[in-house]
Every structure is written in structure tokens, then in C-alpha cells.
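What follows is a group of structures, each given as C-alpha cells.
There are two complexes below, and they share chain A, which is joined by chain B in the first and by chain C in the second.
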Partner chain A sequence: MSGTFMTTRAWALMLPLLVVMIAVIGWPLVDTVGLSFTDAKLVGTAGQFVGFENYAKMLASANFQRSLIITAMFAVISVAAEMVLGVLAALLLNQDFKGRGVLRALMILPWALPTVVNATLWRLIYNPEYGALNAALTQLGLLDAYRSWLGEPGTALTALIVADCWKNFPLVALIALAALQAVPRDITAASLVDGAGPFTRFRFVILPYLAGPLMVALVLRTIEAFKVFDIIWVMTRGGPANSTRTLSILVYQEAFSFQRAGSGASLALIVTLFVTVLALAYGALVRKAAGSAA
Partner chain B sequence: MSALEITNIRKSYGDVETLKGIDISLESGEFLVLLGSSGCGKSTLLNIIAGLAEATSGDIRIGDRSVLGVHPKDRDIAMVFQSYALYPNLTVHRNIGFGLEMRKVPAAERDKAVREAAKLLQIEPLLDRKPSQLSGGQRQRVAIGRALVRKPNVFLFDEPLSNLDAKLRMEMRTELKRLHQMLKTTVVYVTHDQIEAMTLATRIAVMRDGKIEQLGTPDEIYNRPQTLYVATFVGAPPMNLLDATVTGGALSIDGTPIVLPLPQTIKPLADSQKLVVGIRPEALHLDEQGALEVVCEVAELTGPELIVTGRSGAQQLMACLPPRSALAAGQSFRLGFAPEAMCLFDRATGMRCD
Partner chain C sequence: MERKSPLFAAFLYVSALLLAVVILAPILWLFVMSISPAADLAAKPLRWWPETPDFSRYATLLSTLENSAGAAFTASLRNSLEVAGMATLAAIALAIPAGWAVSRTPSIGWSLSLVIATYMLPPVALAVPLYMGLAHLGMLNNVFGLALVYLTILAPFTTWLMKSGFDSIPKEIEAAAMMDGAGLFQTLRIITLPLAMPVMATSALFAFLLAWDEFFYALLFTSDQRAKTLTVAIADLAGGRVSDYGLIATAGVLAALPPVLIGLVMQRALISGLTNGGVKG
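After this line comes the complex of A and B, so read on.
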């Protein structure tokens, strides 16, 4: 079979997907780029060309800068916590004990739940009048009076991060658990004979096998955390006092609440650019990790 | 004082008993090979000695103390694994010195020990490399180096040469033998390769179904196998086994007119007792006056010898003959052997009876 024939056939097979991708991603993206250089409103006029004015305005705005910081905090803290929790859970579930299979299946549950269900569930837990968290903390004597966890700017972001961690650490745990199964039994045995303690063993025996897969989890989770929208929208809508307004929420508000399609588009493209840079940087990291682990 | 004392070790996984009472006593400097086919329990026994598995009952003493319940690192042992088990992100130098590092040996002393071991194993130029940059043979040398620097009471080897190609395996075998001669260490070595067992061991324990079938020197295992299993497991091509019956104070080979005299040394046997006569193929030689008349079926020239498969009446046998023996399929010839080359086994029990 000739190479040309194979190439032609490959393109032919990919064509339907390419058409769909161009239609649902390519064209809107191009349209958004066009839109971002105009002062178009969501309804009504097509808008005038304004050059880079939208970009300059958005980058300079205090709202954007604050949202960027909130997004970065949300992404860094939640992803870091998910990585630690996920690896710890995986190490635990890799031990030999009765009921391990059931526990492994149960662990997937938070991740398998739709985000909206998870968010609603946590809203109930955080409820200022009958929430389980308030009840538990007051009954344990750790809290004097019920608090509105999602209603106070000081606690809302933390409360969101906890909810997001609970939902997403199982993914990290799942990836880590799969990687742990690949650690050769002989190396673990050798480290026991050599006298390595649990921490040394983790550092020199387990981590080399965990690093590559964890890097993939890190990339996936950071990009998703940076784009976070749904869990926040359901729980706080970016409030209180915009204290949980991440970039995606800001884009939504700009484009749809304030109906400024032009500047909303420019903001969306700025977020896209951030995510692309993250993806490329992590891609390079993953390739490096894969190279050194071989 | 024995270096290693294994007393009545048993191991069960649920209802399955994989070790059924193992007793071995090893003097300092001995090279013991645990030989057996897969599933015979040899690796389980090694893991129990190392402390990587717990025995269900019995005792293990290393040096002068029982090591039951003692952590592997405190047993004064070092182990070499089939898969080398090197730490992938550490250099060769650190891999070799890892056990010493964990025991808080000062860096200078550690470096000296690592370099000595590396010199002995001829891997000095590789000390700064990572395991992924080494060939299989080099990796196994590093793994051996890691065991050597520890200077333990007992070395444990778990099929260390199985992952190497045939040529390298032979080289490493010689290397191991040389190391053992030089260092006079106590070794327990697990393998299913009988050549490794014969060449390396000072004593071999042939294992089968969780029991020791025979424990003896390579010479005893090869020339005086105590059971039919040992007789057939060790030796390639395997020992010829001819069914025979005691008839009137002599041995009549079943299905043939051949009658062999019973050895003088044998204890009295009842008439019509069923036996198996074992003769190694290499103990047979062309002899016009020989007792065995054979028709050649296949003659295979391997280079150093001619392996002849033939038939004598209802019985099949093989002989390793000099390469220039002019024999072809269909040809009839006679084979002789020295009386002491004959092993007699009770057909019912499989036990040696002379």
C-alpha cells in the first residue's frame, strides 16, 4: 500500500471531524477575534472597529486584575490540594486491606457526579441556617454561631476551593493509583532490604514512577481550574462583593450581563491565551518528565 | 557456627501450602542453590529468608540469632533481583551506595566502598550514569555491586541471570563463581537453570511441591540422585529411565530380552519387584560386547557430541557419543556402561533403592 494512499485515506477519515471542529470551534473563534476589535453590543448594532481599545481597557481594568488574582489563587490552591489529597488517597488505596475494592469504587463518586449536583450539595452543607458544616462545628464547640460561609468575602473562595477539591481529587487519585500499580515489586523489595523508610521509599522508588502520570493530571487540572465557571456560578455567582469572580465569570458578565459583546470577546481571548500558554508550558514539562523517567 | 539455619519452615496462602517443612543448615562460605521448576516454592523460601514474606511456622536463624519478625534491613542480608530492581532516577554510584546511605555511613567511607565494588565488577566508568543508560548485563553488575558493598552475612540471589541473553548469562555465571571464590561469602541462589545450579553451587537443594527433594553437592545430585524426579530434572539430555523387573536375582528390562546383573551393593530385592533403571546418556558408550542392543532412530550432531535417540525393544533411550561415531537412522548397535553408572529406583515410590 502506497504512502500517498494511506495519507489520502487518513485525511478522508478525519474530514468529517475536521468539518465539525471548524464549524463549532474554528468559526466561532474567528468570529470572536473579529468581534473583539469592535464595540458591538450583544443585541442591536454590529459595532464599529475600535482596534485594540477593548484589550487595552480590559487589561488595565481593576476588575480584570482582581479576577486574574482570584483565578490564580483558586487554580493554584485547589490543584495543589487535589494533587496532595489524590496521591495520599492513591497510596492508601494501593495498600492491601479488606474492602479496598469497594472503597476504590466509592472514591470515584465525587468526580462522577455532575458539577451542578456537587455544587448544590456543597451549598446545602454551607447553608447559613441549616447547613451541616455549621451544625458540626458548633456541636463540636469550634464555632459560637452559625456563619454564612458563602456569604462572607473572607470565606467564600476557600469554601469554593474545598468543594472543588472534593470533586476533583478522585481524578488525581485514579491516575496516581494506576501509576502505583506500575511500580515494580522488586524495587520496593530492594528498598526494604536497603533500609529505606517510608519517605525515602516514596522519594526514590515511588515518585519516579508517579512523576509522569502526575504531570498529566497537573496539566489537566490546572487548565480546568483556570477556566472554572460552573461550580462558582451555581454556588456564589462570583459574589459576595465579587470575591469569587474568576476570569470566566467576568467574561460571562461582560458579554452577557452587561451585554458588551466586543469587550467580552477580547476578555475571552485573553483567557484563552493564558490557557494556551499554560498548556504549552505543561506540554514541554510532560515531555521532559517522560524523557527522564524512561 | 552455621551462617544460616532454616528449621521446619512452612508457608500457607489460605488453604494452599506452598512450603511444607523446609530444613537447611548452611555453613559460612557455602553457595546454596535452590533449584526447581516454577511454583516449587523456591522464591517463596528466599523471600522468607529475606523477610519480604512471613513464614507460617518454623524458624530462620542468620548468624546466631532468630530473625523471625525482624525487618529485612536488620537481617544482615543483601539481595539481588531478577529484574535488577535499580532505582531509576539515581546514578549508578548512588544505587550501589544506597544501602550504606540509608545506614548513615559517612560519605567518604561510602564512596570508597562503592568504588571498590565498582572496580571488582568492572563498572567504574559507569558510576555517573543512570540505570536507563545501561545494558542488561551492566545493570545486573550494578545490582550485584549494591549487594556487595553491604558486606552482609548472607547474599540472596533471585534468578539473577534469567533476564540476560545466553552468552551474557554464561559470562556472568563465571563472574559470580569468581566473586564467590574470591570473597568466600555465604550465598543462597534461586534458579530453575540446572547448569547454573551445577556450576555455581557448593550444595544444591532440588525443590518440588514445597519440599526439598534432595539436598546435596552437585556431584551427589548428578551422580547419585535420590529420587526419580531429581534424576530427570538435572541433566540434559535427561537420564534414560528403563522399566525393569527383578527376575531370579537379575534385572530384566521390560519389553526387551535384555537381562542385567543386579549390583553387589544393593539390598536384597523381592522377586518380580518393579524397578526403574536410570543411566545417564553420557555414561553410555559404543561397545560390541555391551548389554544394550539399540536401533538408531535419530542421530543429532551438536558439535562436541553426537546425540543418538534409539529404541531397544519397547524402551527408548538416548546416548551422547563421540561426534565421529558413524551412526545413521535404522542402524543397529550395542551400548555398554560401567555398572556403577546405573541408578535403581523403586517404580512405586520413585525412591532410590541401592
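After this line comes the complex of A and C, so read on.
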């Protein structure tokens, strides 16, 4: 069969997917770009063209800058913690011990728990009057009086990060474990014979195998952490005193709570730009890591 | 591994125990809350295990009596099943031809890359036009409308999984069938699709889990029992003035049950799906 026939047939088979994707992603994205240059409200008027006014206003606003910092803190700290905990758990699960299979099966539980259920669960654990965290810490004598973990600007973001890490580090662990199991036994054995200590062995024998998959996990988790909405909405709605208001929450408020579709759209596109730049930068890193691992 | 001193073995078991506690404690506590009498949960010092387990909240939430707390919950349960089910079927239906086409004709692969790149888009970048569009079509607060929107998440993902599945089925088998006179669709139906069954099942499960988990679009586009999904119903409970925390926990257990069971039963397939994703990007 000729090449052009194959290609035409392939496009025909792609067509349904492409049509749907253009309808539910392509068109809305183009429309968001259009909206971002207007002062449109969510309902009613189409709005007037205002040029880059929305972008200028949003980028200059203190709310945006604060949300950007909060989002960056959430993303960097939670993803870094997930990576470290995930690799440590994977190194443990790669050892031989009784109950290893069961423990590995358990790792799927936090991942399988719906995000909203996880958020609700931790909200209950952090409850200022009846929460398990307050109860456990006071019963152990580590805390004098019950605290409002999600109600104080000083602890709310940390409490959210802990909840997010608990759900996501097991996934990193499973990815890292699969990579560890691909390390040939004779290589680790050879490095033992050569007298490599555990740290040398990790750095020079094991890490090269982990680098590629871990970089990919890092990219995906960072993008997700940058887009974070669900867990924050359920646990704090961006409070207290906006101390956990990440960019997605800010866009939601602008576009839907205040019904300012135009400036909300510009804000959403600014967030998209940030995520894209992050992803591209990481993409370059991944290729580099993959290149050095091969 | 090779040399294992007793000290190292002890360290291993202590670490393993610690990891098990970290993973299990929050989940077990969710379950304990769901079966503890309200008085136990409000007690100081907190009672960690109920004297008499109380399973009545499960009956309360699963009752379909009109205007009961259960009516709202079971309605959202049904909505979640309908939306996730429809979105999954539609996503797979789109993914099979598209995934096969890209697998067998790599020259059009860039179009799939473009579709997958939309993963980077935060949902807020699409939300306003989708909201206006659904309003225009009269499909706000409607399970069909929500399922359609879910394709933004499900379809790229399933197509990519199906494509890697088809990649591992040798072209030569299809070529042999065609040589024997089978047409394209006959070949796909008789040869390729049966071989792709496992990957199709994995893709469908992933898609279902993604849809079951979705919250943002459901929060925006649904407003009452006709379309509200479980995630929104639980967020309502958690953020509302429900005084019985056990009831919130019970709703959480029920919503977590299907994905947790799928996760445990399908472990191997899910992990290999996840890690393939991790390796191939």
C-alpha cells in the first residue's frame, strides 16, 4: 500500500479524536485568549476590547504576586519532599524482607484515594476541636493546647503540603522502585567487589538508572503542583487570610466568584505560560538526564 | 542484599514498620471515624476505638428515602457512576482508532503529541469558555455536559496508553491477516483488538479513576442533585455545617471504596501502566 494512502487513512482514524479535542480544548483556549483582551463579565455583556490592560493589571497586582509565591512554595516544597520520601521508600522496598509484597501493595492506597477524600480526611485530622492530630500530640505530651492547624496563617500551608505529600510520595516510590528493579544485579555485585560503600554505590551505580524516570516524575508532579486546586479548595479555600491562595484558586475567585471573565482569563493564561515555561525547561533537563543515563 | 548484619535487618524492619504506619494510619482513622459514635469523636481525650462500633451511618447515606441525607448522597453516587462511565466509554471509543493510527503511521505522531501537550493546560484556562458554551447549549448541571468536558482530561490520556499498547503488537500479524484477504476493519476486529484487550482494560480503568477523582469542573458546572458528583457532594459535606464528623468520614470511605478496590485488584497492571508512563514520558 502506498504511503499517501496510509497517511490519509491514519488521519481519517485520528479525525474523531481531533474534532472532539478542538471542540473541548482548542476552541475554549482560543476563546480564553480572546476574552483576556476584554472586560467581559461571566454572564451578560460580551465586553469591550481593552488590549493588554487585564494583563498589566493582573501582573502588577499584589494578590497575583503573593499567589505566585505561595504556589511556588507549595510546588517546590511538596515535590521535593515527595521525591526524597519516594526514593527512600523505594530503596527500602527494593530490599529483601518479610512482608515486602504487602507493604508494596499498601503503597497503592494513598494514590487510589480520591483527592477530595484525601483533603477531607486531612481536614478532619487537623480539626481544631476534635482532630486526631491535636488529640495525639496532647496525649503524647507534645502539645499543651489544641491548635487550629488550618486556621492559622503560620501553619496552614505546611499542613496542606503534608496532606499532599502523603498522597503523592507513594507514586514516586512505585516509579522509583520499578527503575531500581531494572538495575542489573551483576553491576551492584561488581561494585561491591570493587569496595564501593553504600553512598558511592547509590551515587554512581544506582542513581544513573533512577535519573530518567525520576526526572519524568518530577516534571509531572511539578506541573500538577503548580496547577493545584482541589486539595486547597476543600481544606482551606485559600484561607486563612489568603495564606494558601494559590494561582488556580485566585483565577477561580476572579473569574467565577467575582464573575470577571476577562481579567480571570488573562490570569489563567499567565498561569498557563508559567506552567509551559516550567515544562519546557524540565523537558530539556529530562532529555539531558536520559542522555547521560544511556 | 548480599551482606545483611542483624543490625541492618533490624533497621530494615523498623523502617518498614514506620512506612506501613505512615501509609495506614490516616486510612484506618477514616474508617474508625465512620464507625465511632458521635460522642466518642467529640470526647476529650479522644477515644481511638469505639466501644460499640456503629455502622448506622452507612445505612443512612445509602438510604434512598426522599429528602434524607442519603438521597443527596446516592444521587451523587449515581451521577458519578454515569459521568465516569460515559466519559470512559467515549474516551476509549476515540482512543482506539486514533491510538492505532499513530502507532502504525508514526508520521502523524506529532498530532498526538500536540493533544498530549494539553495536559499542561490548567483547567482554569478552559473553564470560562466551557462554562459559557455549556450554558449556551443548556448543558450546565447536566451529566452529559460534564462527561463531554471530562474528555479534555480522559481522551489524551487513553489515546496515549492505547498507542503504546498497539506499539507492542507486531505489525506483521496484521499484515499476515491482510495478506489472507481480510480487510482493515476485519483485521482490527479479529486480530488486533483481542490482543489489545488488556491494555484497553487498563486504559478504561485509568480513565474511570480520573473521572471519579475529578473535582474542579464538577464544582463549576453542576449545582444540584441532577448532576452533582460524589467529589462535590463530599466537599459540600466537609465545608458545610454537618456536626457529625463520622458522617463525613463515612461518605469518604464509600467514595474511596471503588478506586481503592480497583487499585488493589489491578495493582500489577496499574503499576506497569504508571511506570511505563514514567519511563516513556
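One rule holds for everything that comes next: the second predicted complex is superposed on the first by the 294 of 294 C-alpha atoms of A that agree within 3 Å, B and C clash if a C-alpha of one lies under 4 Å from a C-alpha of the other, contacts with A are read in each partner's own complex, and residues count from 1 in each chain.
The working rule: a residue touches a chain if its C-beta (ideal position, glycine included) is under 8 Å from a C-beta of that chain, and two chains touch if they have at least 3 such contacts.
Since the structure is predicted, the reported quantities are computational estimates derived from the model, not experimental observations.
Peer 1: Just from the overlay, do chain B and chain C fit on chain A, or is there a clash?
Peer 2: fit
Peer 1: Which holds for A:L192: it touches chain B only (first), chain C only (second), both, or neither?
Peer 2: both
Peer 1: Given the touch rule stated above, what does A:N54 touch, chain B (first), chain C (second), both, or neither?
Peer 2: Touch partners of A:N54: none, neither chain B nor chain C.
Peer 1: Give the angle at the C-alpha centre of chain A formed by the C-alpha centres of chain B and chain C in the superposed arrangement, rounded to the nearest 10 degrees.
Peer 2: Between chain B and chain C, as viewed from chain A: 80 degrees.
Peer 1: One more residue to check, A:T71. First (chain B), second (chain C), both or neither?
Peer 2: In the superposition, A:T71 touches no partner, neither chain B nor chain C.
Peer 1: Applying the touch criterion given at the start, work out whether A:T246 contacts chain B, chain C, both or neither, answering first, second, both or neither.
Peer 2: So A:T246 meets neither chain B nor chain C here.
Peer 1: Answer with first, second, both or neither: which of chain B and chain C does A:A261 touch in the superposed model?
Peer 2: After superposition on chain A, A:A261 lies in contact with chain C alone.
Peer 1: If you tally the residues of chain A touched by each partner, is the higher count for chain B or for chain C?
Peer 2: Looking at chain A, the partner in contact with more of its residues is C.
Peer 1: Per the contact definition in the header, classify A:P184: touching chain B only (first), chain C only (second), both, or neither.
Peer 2: It touches chain B, and chain C stays clear.
Peer 1: Just checking: does A:T236 make contact with chain B only, chain C only, both, or neither of them? Give me first, second, both or neither.
Peer 2: In the superposition, A:T236 contacts neither chain B nor chain C.
Peer 1: In the overlay, answer first, second, both or neither for which of chain B and chain C A:F204 touches.
Peer 2: first
Peer 1: Now for A:L106: first (chain B), second (chain C), both, or neither, which partner does it touch?
Peer 2: second
Peer 1: Once superposed, minimum distance in angstrom between C-alpha atoms of chain B and those of chain C?
Peer 2: 5
Peer 1: For chain A, which residues lie in the overlap of the chain B contacts and the chain C contacts?
Peer 2: Common interface on chain A, chain B vs chain C: 189, 192.
Peer 1: State the interface residues of chain B toward chain A in the complex, per the touch definition above.
Peer 2: 47, 50-52, 71-74, 77-79, 81-90, 98-99, 102-103, 132, 146
Peer 1: For a test of understanding, state which residues of chain A touch chain C in their complex under the given definition.
Peer 2: 6-7, 9-11, 13-14, 16-18, 20-21, 24-25, 27-29, 31-32, 35, 42-43, 89, 92, 95-97, 99-100, 103, 105-117, 119-125, 127, 129-130, 132, 135-136, 138-139, 166, 170-171, 174-175, 178-179, 188-189, 192, 212-213, 216-217, 219, 223, 226-227, 229-230, 233-234, 237, 247-248, 251-252, 255-256, 261, 264-265, 268-269, 271-272, 275-276, 279, 286
Peer 1: Once bound in the complex, which stretches of chain A touch chain B?
Peer 2: Those in contact with chain B are residues 184, 186-187, 189-197, 200, 204-205, 207-209, 292-294.
Peer 1: Spell out the part of chain C that touches chain A in their complex, as residue ranges.
Peer 2: Against chain A, chain C makes touches at 1-2, 4, 9, 12-13, 15-16, 19-20, 22-24, 26-27, 29-30, 33, 41-42, 44-46, 93-95, 97-98, 100-102, 104-105, 107-108, 111-112, 115, 118-133, 135, 148-149, 151-152, 155-156, 159, 184, 209, 212-213, 215-216, 219-220, 230-231, 234-235, 237-239, 245, 248-249, 251-252, 255-256, 259-260, 262-264, 267, 270-272, 274-275, 277-279, 281.
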